[in-house]
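Should a chain be cited, it is by its letter among A, B, C and D, assigned in written order, with residues numbered from 1 in that chain.
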């Protein structure tokens, strides 16, 4: 039984509290927040969990094996590092840190201390993404040709981060889970409308260039009149469309594509054949992703395993976010990774 | 009555033939194609129209006031120039020419010869785009914040042009119609899968940066498992979604957006308010865009008017296409226009 | 402040508990359930509310002005009558009672005792239905031509009632709210697949014939592979489509219809003209219907007003349900109301 | 090579003309219409086909093996009977005849004359319906539980027939193809709004009761603000949804349903289990249904085979239409078939 404390009882913390309390492999022992009112509210249904006001006090508790950090992104690194150095295993809300420098230090420190460092890329533990990963890994898609992601809607504006740091970690974590490596280079474009003073972008596009003909594009937007959560994975054999707003058929596998004539001479003539076959939507059980995540966190601590959403995965996503930020400021200048 | 000859009886030509024959303001006098079989087939229902094999012969005919050119893009400039120099008014299929150089020469020559030069940006004459233009020009949208266009489906591969030159002219012509000026800079990304030998891109993204906070993005794709024709115009007051695949409600106007607090000091606090109002889908009469186009062509010739889709408009689209091509080859390098 | 007790802490009860506790005009004083475990769970967050095991005990409490009954349909009448006779105001979950006889007795008793009797037709208090009612009452629809309702999905099977008594009260209450009178006659059709022993219908159709050319049809189904919640109101001037599964545009008003040539002689020639105009989707604020309902209940008690969803409205719906049941058993035999 | 004449060059005739002319197994020799203008227009592209003004003249031609009748429904029987008696094979547009009496006489006469009688139930030859038939016949659906059909849109009003005779033959022919027998009884409901003088119904519902727990329902409507073409086939093992307006995935097979506990005693407890599995949309080649139909007509004549859409199938559909008409006039009175 892993004994866990949750830090931060704001927007996301209560979800961690609920899931750590419900998980058979974890025991929620404490929750930490500087705001007494939030703390009281968050612990309403959990009389046996200790309320803690000071983070340092929390780290000093011997009955805490691991801490889950759900605080503003600027505090991820200092808190995560302190917790690792105090010998705790650490789960950090996405994005892992506010800079590549910080994220690297987290990864290094976890290694040095021999502790599990995990990033809360929640989507990775969702039924649809798990199913997509299986299909891709089984080779059904063939070579990856393109990945196109659209995550747009009206609001909610954040005070501290732009739309890239707010929304793109979801899709970049899915990309990273499927592809497992960094792109060769990246260009990003963004504009500010709501907050041009502090230059917080509310519309942005990311274009990632992988070697081998794979292009990945991301559209994130807080000003869209319509809500879209659409993800296409184009492959040489089949293609997948993942529409997170579909109530029942979120993942569809299309047996459609082109067949390229292998004979170069012949190709001067007829280039391309088309295949259009069946469409298949696998049944996906509805499980709360966070329930799987906390259970996996406990398993990694218990068995000394590398988490699926490891610190390294979190670092790769932060690398892309930081590069995207630089590219936006350079009006789409190409950044090599 | 403007006397017209159509050149090229392949894929698009028969549509021009049908519409010029049906239009009350034009008389179709001849059709020119080097392929006798195609010529015969195209003229089946038009016994009074002269079949012509040689383009030069066509230009020599005194009963031809105007020619409509629907031939491969590489021939647009030489044929268009010859026709203008022979004193004919000219309509050219999109894109206007294969290069900025050629497009410019067409524009200049038309001016010198005092003849109408029009590009067949068909979509501009469609009911939905006409309606959108009215709404934007009436100020209902407010300032333009972003334009996002997706035109993707499986196939059809072209032998001579890539997906950018094939599909993007449609959306770029709509953009140009709404914005009326070139972007400050542009970056484009593309990959080849079907024809890596000749490097014909089948997936591409264009990012156009206008001054004043307007970003325009275009996704064109021949490898998508699903067909999408989706165009969002985000504005400061309202936003428009144009879905060309919707059978009945192609254009929707959303009274949704944000209200930025004008007081900079106050903005440190609450940044942004949200508005969500009604959605309105104006009724749009179903008229064939090409019918309006040929009628407008006749009107411009008769009255010496500048066409809505003038040579200049065609040139601006070719500027973007050529810059996009260069940017793709530079792996997304930024091109200033 | 109306002091309320909720009876039944099963499926629906907790929603009433939450809303009565949150409403500014009501005070939740007690919750009654014979099952101690359910009672404890339901009252977890409400330390000041009294748990009561015996219904009779509840009725004896002087601090209870009104009771809200959320128990199986067979107990609605005995419990409701006892509560009214004990001088309490009564809210009863839909359907009001298991028979017309019982429903009538409830209505009569409420009148005799001078107490408010209200049926929990929750949908009537939803934003979409309120908006539709306004539009219809404003005359925008013109004469009602037809109402078509589809409420189908897989499951959930009930042990005690068939699909008509389970699902149709929702749609019949909306119908009753819009039309305000009983149909002239009714025919219903149903079949049993899951429980042919006890003959609990799982697929059913109701056809209601109103005078004046209005036909209303209802499809309710527990065996459908797809979930549909679709309601069409066809009118002489405009028509409304209410799709409860649409996340953002649940109500759409179509300015479409026919114009009948008034001159009978002329009609021998051209019968009908078509109108196709704009489509308009009014913004509808998201408020919990039950919050409005409990507030309205308090208002009716305070001011001695007739509830929108009065006992009479509940009785009319039960009349239709009972007639439908009889018609189904008579294989669709026509029942006059 | 079957030599065919088409009778009636109005709305549907030209489709028959085009398909009989294109089919490799048929030779279009003549087209008959009393209206010279229509005749000339219909034969524009077919210089070798004889225009015939008089039907009697057509029947006298020795070079005509078969006639295809696409005239108003009231003329189907007299023309069909005359053609059969003249020794011709006969194809008749749907519905086969205006009454059961007439339809029976056609069937009997065809048998006596030893000629092929086929009804043009076009949908039966469409890719989706062919695929659905295969799936149903393969037993994948299990027992049929319910069939629900919705065919509604605005217009087009007919002068001679009501919405039932106009739209329902499509869906009833699909039903008949899948089920192959008449229902036990039927009730129908309809109202008139556009033409109350001549009582031409524009909204109607049909409920068909088959033995063995199968219910089939049909909604046909000329006054709907939205266009719907939706067909559900609910089964004990799987279910099918056929949405004819879907551009790409018209047929979907849902591996969803209930599992009834076979043990009656046990069923007093837990009644029903739910299955939710994959959804599968088979690829369906796009072939023109009428091309298959004319080829099948030729095959039946050549080989003396019974057509899929035989006179008997046409008669069964007319039986339902006539019974529906009677039921509507009896305000939904139940008609036994």
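FYI, contacts are C-beta pairs under 8 Å (C-beta built on N, C-alpha and C of every residue); 3 or more make two chains touch, one makes a residue touch a chain.
Please read these numbers as outputs of a predicted model, since none were measured by experiment.
Which chain has its C-alpha centroid at the greatest distance from the C-alpha centroid of chain C?
In terms of C-alpha centroids, the chain at the greatest distance from chain C is B.
Could you check if the interface between copies chain B and chain C is built from the same residues on both sides, meaning over half shared, or from different ones?
The interface is built from the same residue numbers on each side, given that over half of them are used by both copies.
Is the number of contacting C-beta pairs greater for A-C or for C-D?
Pair with the higher count of C-beta contacts: C-D.
Rounded to a whole Å, what is the gap between the Cα centroids of chain B and chain C?
Here chain B and chain C have centroids separated by 53 Å.
Determine the centre-to-centre distance between chain A and chain C, using the mean Cα coordinates as centres, and give it in whole Å.
The separation of the two C-alpha centroids amounts to 43 Å.
When the centre of a chain is set as the mean of its C-alpha atoms, what distance in Å lies between chain C and chain D?
Computed value for the inter-centroid distance: 39 Å.
Where does chain C touch two or more other chains at once, residue-wise?
In chain C, 226, 248, 276 touch at least two other chains.
Which chain A residues qualify as touching chain C in the complex?
Against chain C, chain A makes touches at 44-45, 226-227, 245, 247-248.
Which bits of chain A are touching chain B when the two form their complex?
Going by the criterion above, the answer is residues 145-146, 148, 154-155, 157, 159, 185, 187, 189-197, 203, 205, 207, 209, 213-215, 217, 219, 221, 223-226, 232, 234, 236, 238-241, 254, 256-258, 260, 264, 267, 271-272, 274, 276, 331-334.
Along chain B, where are the residues that touch chain C in the complex?
248-249, 255, 276-283
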